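Both complexes shown next keep chain A, but they swap its partner, so chain B is in the first and chain C is in the second.
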Partner chain A sequence: MKISTGIEKLDGLLGGGIKSDSSILLLTDNLVDKSSFAQHILSTRNLEGDKCLYVTTSKLPSHITKNMYEYGWEHKGLVFIDCISNTLKEKPKSRYALKTNITTPKAFEETLKLFKQALKDVKEPKTVIFDSLETFMGIGAEKIAKELEELKQLFEDTKTTCIYLLTDWGYEKKELGKIYNAMDTVINLSTVEKKLLWMNYFQFNGSPKIFFQITQTGVNLYVPKILITGPFHSGKSSTVHAISEKSVSVDRLGTTVSLDHGYIEKKGMVCDVFGTPGQERFDWILKILSRDIWGVILVVDSTRPETFDRAKEMLAQIKGYEIPFVVFANKQDLPKALKAEVIKKRLGLPVVIGTSAIKNEGLEEGLKLLFDKIFNI
Partner chain B sequence: MVEKRKELENILKGLGELGDVIGSSIVRRDGLLIASNLPSEVNAKAVAAMAAAIVGTSETSTKELDIGEFNQVIVNGSNGQYVSVGAGGEAILICLIKKTANLGLVLLEMERSAKKLGRII
Partner chain C sequence: MRTDTGIIGFNEKIGGGFPEFSTILIKGPAGIGKTTFCNQFIYQGLKKNEAAIYMSFNAPPEDVKENMKKFGWNIEGKIVLFIDVYSWQSGTMATEKYVINDPADLNEFNIKIFKAIKELSDKNLKRCCVDALSTLFVYIPSDLALKFVSSLFARLKTSKITSLATLEKDVLDTRVVAILESLTDGTIDLGFDPTEGTQRLIRIVRMKNTKVSSLNWMEFEIRDNGIRVI
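On to the complex of A and B.
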């Protein structure tokens, strides 16, 4: 059975979600906040009725619950297998607390003992976060892999889905391979830097990289920059404002003379949007604003077909044909507005969505389409 | 990658140590914010977008008017001012400074920091 992670695109990559009662590895670099990523998944499972367990080898349980609380992530009845409190000379609250010091060679074995006991005690179905494996890598990947392999049967018997976290501190490929082999699914979380912009992404089985950001609303897909352009008076600024959480415009006498800027954070998407002026005398600004854009929203006034040529010319100016773009056929609320299908034919462009910026209609749908195009799914 | 980020933060920290600097930020030429220690009530992302447009526009007009190399933009308000300079081909450095600031000193420090920034990128 496939179960949801709460991250729609990740579910999509995995063919509908993670496999229940299986072992999943989140292999990360040291820049990704892997614990928060996993906690987002855990809270989704919690909301869907799973019992949740958390094996912690480096963070105090109080830190973990505080983090989840701050993100607003549900964690009702969370059971800790607390392997760190005693080492840090804190009094453990959980009944599953490791007595030995976490840095000793026996710690792994003892941790598993506690873990197995908890699996038997807690009702099913359940989801576990094992945070994290690198604590034990000192005893060798082979030893770890062998134990994890053996756990698989217990997971099936106790209806347990286990998410292991492992930060790759430059382990040998051979060593990592051994851990891989003990898993059913391996998801990579990593970071790339593009001209000083650090971007986290997840990837599964050689899929395209899906960029994300962990913000106040959890794990969101991340597109650094989208440009909103189109002819004079087509409703670009209104679109930027309607679509954004926070926005500003530089305008004079009701027309944009420099730019609009907005920040989107909704429906699992995060993005900066830049709106351009529409008048020809400001065309040189297009060049400045269209640097490094990931996608374009071309806004046209559905009541003024005479502006469509200008719209296409603007798209060409910013080299929009080479990157993902969608057309917003705006002002659908007006009686004279042409239908989206008619405009699609007139423009000869593939994706045209009917929108009304003033009534906030069609905007989210269009944005979602653009995100899908950007991530090529 | 972690070190690079530290270096950027150090640049902002260094500028902050000048008494006249209220806050500063590093912005990409495309208008995206990279790092900032501007006061928290400022919408730093929007300022970043505007600064990129201002610097881009200023550079273009400098060329158009044929007045040589573009150096910096100084925006003068009644209660304060801010300076934007280019830092290599990919970044812009912004400083929000006091109205009474020693502008010469700030410009000198910014020039140094911008060079450092250019090298990091």
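On to the complex of A and C.
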């Protein structure tokens, strides 16, 4: 049976969700907040009626519940297998608390003992976060893999879905391979670094990278940059404002002389939107803004077909990058506006959506089309 | 290029300063002056409008600042970013950006260091100190802690930062210390003179790309204006 992670695109990649009663590895680089990512999933499972367990080897249980509370994630009834409180000289509250110091070689064995006991005690079905495996990597991947392999039967018997977390601190491929082999599913979480920015993404089985950010509403997909371009007075700024939660523009006499910036966060998507000025003398800005953009919205004024050549010219300046784009045939609210279908033929471009930035019509639909093109799933 | 250590009388012993972008271990017993050594090194950079990252394990940032003031090193208005790995002991979860809430969680630690480096990347970030690195090993298995340290040192180096990391004497076993030495560019020992208990001594054990004037123990003292090697 497939069960949802609460992260729509991840469920999509996994063909509907994670497999219940199986072992899943979240393998991450050292710049992903893997615990929060996993907690989002745990919260979803909790809401869908699973009993939830959390094995922690590095974070205090009170900090985990506080983190989940702050994100608004369900954490009611969480059962902790607390392997860190005693090491940090904090009094553990859970009945499943590791007595020995986490740094001792026996810690892994003792942790498993507590874990197995908890699996037997807690009602079914259940989801577990094991945060995290790297604590024990010092004893060798082979030993760990052997134990994890043995746990699989217990997971089946006790209806347990277990999500292991492991940060790759530069382990040998061979070592990681042994851990992989003890898993049913491996999901990669990694980071792309770009100058001042960095972005996390997840990936499964060589799929495209799905970028995400963990914001106040949880794990959200992230489109780093979408460019809104088009001729003078086609309604780019209005479009940026209409589709954005927050937006700023630098205006002079009602026309944008430098650029608009907006920010969208809805339906699990987060992205930055940049609007360009339309005048030819600002084409140099277009060139700068078009660096590493992920998608383009070309806005045209449906009442002024004489500007369509200019619109195509502007698109041509960035098209070389094979960027996904959609055309917004704007000002559909005006009586003289040409229909989207007509404009599509005139422009000879594949995706043209009729919009009205003023009346907020067609924008959502157009955005959705663009997102689908970008994520391609 | 050399990085001015700030320690009076010490630069000339190591060819003008630490090798640029190096990581240096400072080992010694409690109370010998490791933290003062770090503070003096950090202040030397701040004075020249360099930025610094200060990872503090054994005292809250306020105490570090207070301590620096006693030597006349006022860091108000200077760009130094404290990563506070001490205050978690108060038991409350802090929301400040650079307070580490779970000292055993290297993931959180790593992300915060990374953010700090990014934040200061256009602010002339040149120096970093980790005081005391050995504290990490109290609540993290040593193999994992070593992996983390190795990744941290590599990041500091590629970020063109010269760093000091202190080790409390006898906290770590010799195998761990040997690996830490292999991950760094130099080691400096601090100790008390065994025959004359209060006399402080300093010794350069090793230093890459450096013509060291002497590998012998040298005397040093902590004066009102900081450490001075005699």
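Simple rule for what comes next: the second predicted complex is superposed on the first by the 342 of 377 C-alpha atoms of A that agree within 3 Å, B and C clash if a C-alpha of one lies under 4 Å from a C-alpha of the other, contacts with A are read in each partner's own complex, and residues count from 1 in each chain.
The working rule: a contact is a pair of C-beta atoms (placed from the backbone, for glycine too) under 8 Å apart; a residue touches a chain by one contact, two chains touch by 3 or more.
Treat the numbers as computed from the prediction; the structure is a model and nothing was measured.
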| Should the pairing of chain B and chain C on chain A count as a clash or a fit in the superposition? | clash
| query | When the two structures are overlaid on chain A, which partner does A:Tyr263 contact: first (chain B), second (chain C), both, or neither? | reply | first
| Should A:Thr217 be classified as contacting the first partner (chain B), the second (chain C), both, or neither? | neither
| said: Let me test your reading of the model: by the given contact rule, A:Gln279 touches which partner, first (chain B), second (chain C), both or neither? | reply: neither
| message | In the overlaid three-chain picture, which partner chain does A:Asn30 touch, first (chain B) or second (chain C), both, or neither? | response | both
| Which partner does A:Thr185 contact after superposing on A: first (chain B), second (chain C), both, neither? | neither
| First (chain B), second (chain C), both or neither: which does A:Ile288 touch? | first
| query | Now for A:Lys225: first (chain B), second (chain C), both, or neither, which partner does it touch? | reply | first
| request: Based on the superposed arrangement, let me know which partner A:Ile84 touches: chain B (first), chain C (second), both, or neither? | output: second
| said: Can you check which stretch of chain C gets into chain B in the overlay, out of 114-122, 168-176 or 204-212? | reply: 114-122
| Which chain A residues contact chain B in one complex and chain C in the other? | 30-31, 196, 198
| Where on chain A is chain C touching in the complex? | 28, 30-35, 57-60, 62-63, 66, 84, 87-88, 90, 102-103, 107, 132, 134-138, 167, 169-171, 196, 198
| query | Within the complex, which stretch of chain B touches chain A? | reply | 1-2, 4-5, 8, 26, 28-32, 34, 43, 45-46, 49-50, 52-53, 56-57, 60, 90-91, 121
| said: Could you list, by residue number, the parts of chain A that touch chain B in their complex? | reply: 30-31, 191, 193, 195-198, 224-225, 246-248, 250, 258-259, 261, 263, 272, 274, 284-285, 288-289, 291-293
| message | Show me the residue ranges of chain C that touch chain A in the complex, using the header's touch definition. | response | 91, 93, 101-108, 110-111, 114, 118, 121, 137-144, 147-148, 150-151
